[in-house]
Amino acid sequence: MMFLRRQLPVVIAFVLGMFTLVIFYIPAAPMQGIGDRLKIFVTIIGAFAMLLGINSILGQHITKIRKRRPGYGYSWVLILGFVAMMIAWIPWWSAPPEGSAAYYPWGGLENPQGAFYWMFFWILVPMQATMFSILAFFIASAAYRSFRAKTLEATVLLVAAVIVMLGRVPLGTSMTSWLPDAGFWSSLRLETMTSWLLNIPNAAGFRGIVLGVALGIIATSVRIIFGVEKTYMGGGD
Amino acid sequence: MATFIGTWIAAGLTLMILSFLYRDNPFFRFAEHLYVGVSNAYIVWLVWATIVLPDFIGRVFINLDPAKPWSPDYWFLVPGVLGLIMLTRMVPAIEWMSRWALAFVVGWGAGFVIGPVLNSYLLAQLYASFPWVNMQPYLGAPASEYIPALINAVILFVCVVTVLVYFFFSYEHKGVIGGAAKIGIWVLMVAFGASFGSTVMARVSLFIGRARFLVQDAEPTGHAFSALLTLGLLIAIITAIIARRRQPPAGESEPAE
Amino acid sequence: MVRSWERYLLYTLIAFAVFLPLIFPFDVWPNLPTREVLGVFNTIDGLQPGDTIVVAVDFDPSSEPELYPMLLAVLRHAFNKNLYVIGINLFGPAGTGLGVKALTDIGGEMGKVDGEDYVMLGFKPNLPAVISQINSDIKEMYRSDANGRPTADMPILQRTPKLQGNIKYMVDLAAGETVRPWVAYGSAPGGYPMGAGCTAVSFADYFSFYQSGQINGLMGGLKAAAEYEELVGKKGAASAGMNSQSIVHALLVLFIIIGNIIFFRALSLKRAEEGGRA
Amino acid sequence: MALFTVALALAPVVCIAQTGEVAVSAPGREPPPVTPRVLLEFEPPTEIKARDLPNDDGTSILITWRRSPSMPEDVRYTVYFSDGAAGPYKPLPFDFRPIGLDESIMADNLQYFRYRRAYRDYQFIIIDLTAFDAVAAGTHERQAKYDWGQLYFKLGVTTDSAVRLFDPVLHAEPVTQWFDWSKFNNLLMATVFMVVILFFIETARRRKFYIRRIAGLDAVDEAIGRATEMGRPIFYLCGLDPMTTVSTIAATNLLGHVAKHVANYESQIKVPCFDPIVMSVCQETVREAYYEAGRPDAYNSDNVFFITNDQFSYVAAVNGMMVRERPAANFFFGFYYAESLLLGEVGQSTGAIQIAGTDSNVQIPFFITSCDYVLIGEELYAASAYISREPKLLGSVKASDMAKAVIIVVLLLGLVFSVALLIAALNDGGNALGWLGEKMEYFMQLFNEHI
């Protein structure tokens, strides 16, 4: 029993990890075939796991409604939204369009006349885009609040951000368009400075981070394969 | 008709979510909960239509494309069974079984990343930092191109090394290491600043897109009404500011830096 | 320390800076075309009437503001040059609708016929497989187009049964990571040149492909869309947006400067006070 | 005109070409009486050879040759094939793009060739033999499968209308490889690093390594204490990536320790999750932390919950909760996308102490501007080692440091070599430093993606 609970997962992770690691170096077709197949296996398992999540969120809100916790009315909104979209997925009132891919028996996004499509485009998409667009305001307040030249580092951050912000819009570049576009003075044009900043220090900074992150990724993977790291199973050792 | 209703619902939901900029309010909470509900249903569909149906059911149970010969591939029952094992999480008594499926996924992921990460994160990045490699296109170029390129290649090199030194954890940042780490943190700050600046553009254009939807695309009543709506919203915001200025918020802590 | 009214003032000003130029458009600042955008423009401009290009609509509504104007400008340019256009979406199911809309709108405007001068192929999952398949046979992969019509005897696909050898250029308008697979499985084995458009966020990332010449043009964000509109000579949503964009950026810089002035004044006052005490 | 050329060259037609050295590639057209002068005057390439393509799955062959010194415009290399050694030689039955006279240089394609400076003068063409099978399967007339052993090739040069083929006849048997030698440097590094990591983890079990203090981590305790005083919850986010990624594993590692502190302080922790698997792992981690702290009664499984797998509805929900519940502290560890700023700014506006840690490069700036402390990139991984002092984590950090030291040494060597090569190149261009220079270049090539 203890074996099934504790050791077997470690064995599975070791076998799978070692195998996928090794076939990276083997170009032969049979090995690559198994590798490709494993990739699909993993996505399928992940798809099943999605049910866990749906179970959690619905359960949580149903409990909220049952116990009449404050704001349980909104939980109704959530559940009704979910149910409505699920019902819209099955458009028994309209046949799938002629010649549409045969393997979608019900109406999802492939059916532009369906209710699912309508809900997607007029409810989900606007809200998604709006949540995204709120970023414009938050990025502004973040910049205003924290771009203070308190320390040398903060000043460097601030100056780089201001140059790039101006260098990417016509208003900014027209501020320095009186400088010649060749020779030494051209390097003071905002667009030239922007491009230099993005290409040299920006690239180098991120390269440094990436090198470290790569080492961290490999270290963690090695720990998982050799069963040293078991956090993913929940709990410590 | 569907478009007409849709436009107005979309415009309404847009304003409801934007109202969050002022503060949390019932409109936003309504939109938020609707959004979560609808998006969960969308995810269910997406997973079904792009993974479960074509990759699982279509390989084991049903021929989805009758025009082609097909025979079931029973190997794909393995992920199906593991997926069901994953669902034992819902049953506390046999919850531990789900670890097998987890170990499968995580073990696969661990083995899969090592090779590609070494290749494209480590080796390729390392190689591209050697000045000789970066100078290849400029060999034989006139001095006016050669010298700036050389300076850039050297700066790039120094930046990469100093950032690496910053990420040294075994030594205290003192002396030479401390100095290099100091330069490293400046380089990082330049990188973050530049990245911040270029992202501002992306984010602002998203709001421009939404604004365009409200001002120009909200057919069929067209510009006039939506412009009115927009102005109304702006007036509401200003009023709110003035109102908040007059009476200091009671019991609410001011956002501190 | 930022008080909430400052935050609201900033928000209101940004809202005005975005809305007003959209309601009252004007045209003051020239948007100079950059080398990267010219790469795409010149390639399409150099094609002969009757050539076919592929435009991949690899984005969904969440990045529509940046990439849709780009798509419109590229299509307008292509139809102006009497090129045939094959649209395709391999990013997500939601992008197909955008492609259909853009092709129908611009195609209709220019008097082009769906199925003859252009076609929009729908979404299919598993990008590498789809790309390498349509490189050698489109109709095998796509039995029907995005509108559900059979592709078997569609004139444009009769003329262009596959991408390899038949198309002269391919532009990938990508919100995600689709440029890499298009380079690896599409343009490199198929032997056709390729350009890319992307959001301003991933712009810096794709520079590596541009520098290595794997893509011969790169359009990043709204600015590039506006440049392309200007190059095509028909200003649209992106050019209108660039005014807002310019003002917001300038506003932000102004706010940062003001914030710093306030900060340093407060600092010097405090120092003076402390100095006085001592 | 140039486009017409391409069209002709790419025309997917099989036609019986005229036997002999000159063949026509346009279908149904009489061969031109005179081969264009450019082709006749073209100085043939030398050392034309065919062999199996190394490091592949046994489906392709490789043709290499030394570049011809003549470089007329509009002339490109092409390949003709035949079903038997005797000929006749025909254009390839599938699309094949003729390559230019300065394309496809061996020295630029290190995934196939070991680096040699001389390879700057050699070109190559890869022929994928499975394409023959695809053609055979696709056309009804020629049902016979091409026998790979009977395929013979000739290299030629072509203009838009004519072709000139060169001897010798080329033939090679493709061989399936069981090891990709171009990834040898990768394998070597992976193995060495693996051993080093396991060694340091073993060592760390016996003695603790020193790790420098990481700014921001002291603030974690402070934040938890503050939450207890204020009687408000703590929000802990594990990022948006699935359980397979390092950042999420590091985040759950840290969660265990934060949760233990929270249990000791009798405060409350809320973990809204984006991924169902991460959720179940977090549930177990938090529960175990409460057990270890001796307060299993205080654990409430409803506090670790799933929201949705959609990015912005997740943010909308978390932001809503932040504004309503006004947490005293927010911890954002793990991998984030565009939502980082939304989370950070809203949390900031509610007055919470915020500590973030992410290895998502693009999002770090936004956390820097909106959070009180940020763990940049690798600091996130090191942080869990610093807090927990667990041998497995300490050992990994130490091993990574070793690797970084090696990388810096390699980079510095590369700098020295680069300077030497660059100075030498000022005088004699391509052949800098001769034999020694080639060794130096080879050293740098060792760290290319492919060797």
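Each chain carries a letter (A, B, C and D) given by its place in the written order, and its residues are counted from 1.
Following the convention adopted for this analysis, a residue touches a chain if its C-beta (ideal position, glycine included) is under 8 Å from a C-beta of that chain, and two chains touch if they have at least 3 such contacts.
Keep in mind that what you see is a predicted model, and the values were worked out from it rather than measured.
Put simply, the chain farthest from subunit C by mean CA position is D. Of all chain pairs, the one joined by the greatest number of contacting C-beta pairs is A-B. Here the CA centre of subunit A is 18 Å from the CA centre of subunit D.
Taking each chain's centre as the average of its CA atoms, subunit A and subunit B sit 4 Å apart.
Centroids built from CA atoms put subunit D at 25 Å from subunit C.
The distance from the centre of subunit A to the centre of subunit C, with each centre set as the mean of the Cα atoms, comes to 20 Å. Chain contacts: subunit C has residues 2, 4, 7, 11, 14, 18, 62, 64-65, 93, 143, 200-201, 204, 221, 223, 245, 248-249, 252 touching two or more partner chains.
Looking at subunit A, residues 21, 24-25, 46, 49-52, 54, 57, 108-110, 120-121, 125, 127-129, 131-132, 134-137, 139, 141, 143, 145-147, 157-158, 161-162, 165, 168-169, 198-199, 202-203, 206, 209-213, 215, 217-218, 220-222, 224, 232-234 sit in touch with two or more other chains.
Residue positions of subunit D touching 2 or more other chains: 183, 186, 190, 242-243, 245, 277, 280-281, 307-310, 312-313, 316, 338, 341, 348-349, 361-362, 364-366, 368-369, 376-378, 400, 404, 407.
Interchain contacts join each chain to each other chain, per the touch definition above.
Listing the residues of subunit A that touch subunit D in their complex gives 21, 24-29, 32, 46, 49-54, 56-57, 60, 63, 127-128, 131-132, 134-135, 138-139, 141-143, 145-147, 157, 161, 206, 209-213, 215-224, 226, 228-229, 231-236. Considering their complex, residues 97-101, 108-110, 112, 117, 120-121, 125, 128-129, 132, 136-137, 140-141, 143-145, 147-150, 158, 162, 165-166, 168-174, 177, 191, 198-199, 202-203 of subunit A touch subunit C. Residues 1-5, 7-9, 11-12, 14-16, 18-19, 22-23, 63-66, 93, 125, 143, 199-201, 203-204, 221-223, 237, 240-241, 244-245, 248-249, 252 of subunit C touch subunit B in their complex. Every residue of subunit B that touches subunit A in the complex is listed here, in rising order: 2, 5-7, 9-11, 13-14, 17-18, 20-21, 29-45, 47-49, 51-56, 58, 64-66, 75-76, 78-80, 82-84, 86-87, 89-90, 96-97, 99-118, 121-122, 125-126, 128-129, 152, 155-156, 159-160, 162-164, 166-167, 184-201, 203-204, 206-210, 213, 257. The touching residues of subunit B, counted against subunit C in their complex, run 21-22, 46, 49-50, 54, 67, 194-195, 198-202, 204-212, 215-216, 223, 227, 230, 233-234, 237-238, 240-241, 244-245, 249, 254-257.
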